[in-house]
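Structure, as structure tokens:
The first chain written gets the first letter, and so on, giving A, B and C; residue counts start at 1 in each chain.
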Amino acid sequence: MKEKEGKEKDIEKRFAALKGQVENLTKTAPENKLVMICFSGDLDKALASFIIATGAAAMGMDVVMFFTFWGTPLLRDKKKKVGGKDLLGKMFGAMLPKGVGKVKLSKMNMGGMGTAMMKSLMKKKNVASLEDMIALAAEMGVRIFICEMSMDLMGFQREEMIAYPNLTYCGVAKMLEEAQSSKVQFFI
Amino acid sequence: MKEKEGKEKDIEKRFAALKGQVENLTKTAPENKLVMICFSGDLDKALASFIIATGAAAMGMDVVMFFTFWGTPLLRDKKKKVGGKDLLGKMFGAMLPKGVGKVKLSKMNMGGMGTAMMKSLMKKKNVASLEDMIALAAEMGVRIFICEMSMDLMGFQREEMIAYPNLTYCGVAKMLEEAQSSKVQFFI
Amino acid sequence: MKEKEGKEKDIEKRFAALKGQVENLTKTAPENKLVMICFSGDLDKALASFIIATGAAAMGMDVVMFFTFWGTPLLRDKKKKVGGKDLLGKMFGAMLPKGVGKVKLSKMNMGGMGTAMMKSLMKKKNVASLEDMIALAAEMGVRIFICEMSMDLMGFQREEMIAYPNLTYCGVAKMLEEAQSSKVQFFI
């Protein structure tokens, strides 16, 4: 009888240990999440990232897009103006595209002709425009993060960025936190 | 005796619950798989992606390459001709490289001289050419997907693409499905 | 009594099987590790990769940076000179940037003016320089791998690379081995 009780206690102990291990595995298992670093300011890469983002959201994935460096100006609102910038801020403001309507193909831009051609082609082939894809992403709950350091370096102000639900301004740590618990990551 | 039976039933129940959890973890654990989005049309990035692909396959990884945007024309067969294209399709066909023999370095191309230099250097150093690497990838079971939307936008027809075992034409959803269950992902 | 013993043996067996499954899951679960392929030779992408690397290390992640292709010359030491190169090696040596001080922005370089502007801006905004970030990465234990094939193709010698703790020269297999067991991967 004693031996039996010992055995029981033993299996209880081992069971609890295994349960702890399983709980730990469950806690650290990646979530069904996609994290993209949107570094590029090119039309083609921006299109690719939003096609992937909306596609993933449609499949039920949690999607985070972290806009940084040349990707940041894509999210400027062409209709918004802000004052009070210093000289460098004004220069960056003038030289970088103001919103997705102004971005160009990384190849075959040909003074804008290639970009225009691609856009007309997309319309003809019923591929949504970048503007429409951003609206779709918003509807689908795609989360957009904007890199605070890029905002600061380029002298952008929050007031000149597009309206987007729950836009988050953050640093690399927040992006990495999301990436750590995601199944898929891309640097675009 | 009753208490004992209760205990037994209890551990049976808890065991079953834990087993379910473990089965779920096993089912959702990533496979030993590499998924690469081959977006670039540059010789250097194409080389990198095939070196990684064949290296991963040699290590026993399941490898999926998803060719999209500028990566798509790399898989055109230079010896194949198709008719019946509209004007834009003809323009894209003429302006984009026809197969891997025509792609250039992203830097130091120098009117083709840098690319030629790199190719002769690769030969000298016994690095396989892109053509040979594709053949090797095919032998090793690397799976190649081609983005249907890119085919459509650029007016490419399936008849002009290279012969490759089990070439799959698909959309972003199929690529994401593979990425979701993979250990490693790269956007190149 | 016999039935009881049978049950006990049965649960023991099933417990052992489940334990094996859990151990296997634990063994193959990704580590808290970030693997980056640093392919690009552009200042902006190099900055991004070191900001991510040091950020991840600060969060306790194990970080591996694999420098390949155009990323390789970033790790040359500007003060080191080596002899005995053949003609192509001398050409690559002369044409590729010698260390991080010489790299340029991928956009808005404007004959060096944009790059200089960005650097002065970084100083003003208290963003560490690339040189400082490499020193910080070294202190934080970020591991740097250099692609042997790239060294060979570009004719670089180990004697001309920067001093960095535990610099590893390796091939794609070693990089993939690290990537396989990592939570996050980026191709930059």
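To be clear about the criterion, a residue touches a chain if its C-beta (ideal position, glycine included) is under 8 Å from a C-beta of that chain, and two chains touch if they have at least 3 such contacts.
These numbers come from a predicted model, not from an experiment.
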Angle of the rotation mapping chain B onto its copy chain C, from a C-alpha fit, rounded to a multiple of 5 degrees, please.
120
Same or different: at the chain A/chain C interface, is the fraction of residue numbers used by both copies above or below half?
different
Per the C-alpha centroid definition, the whole-Å distance linking chain A and chain C comes out as 22
Give the residues of chain A that touch two or more other chains, as numbers and ranges in rising order.
11, 15, 18, 22, 25, 29-30, 185-187
Complex interface listing, chain B residues touching chain A
7, 11, 14-15, 18, 21-22, 25, 28-30, 37, 39, 41, 68-70, 88, 91, 95-96, 149, 152-153, 171-173, 176-177, 179-180, 182, 185-187
In the complex of these two chains, what residues of chain B are touching chain C?
8, 11-12, 15, 18-19, 22, 25-26, 29-30, 32, 34, 44-45, 48, 51-52, 55-56, 58-59, 61, 106-108, 117-118, 121-122, 125, 127, 183-188
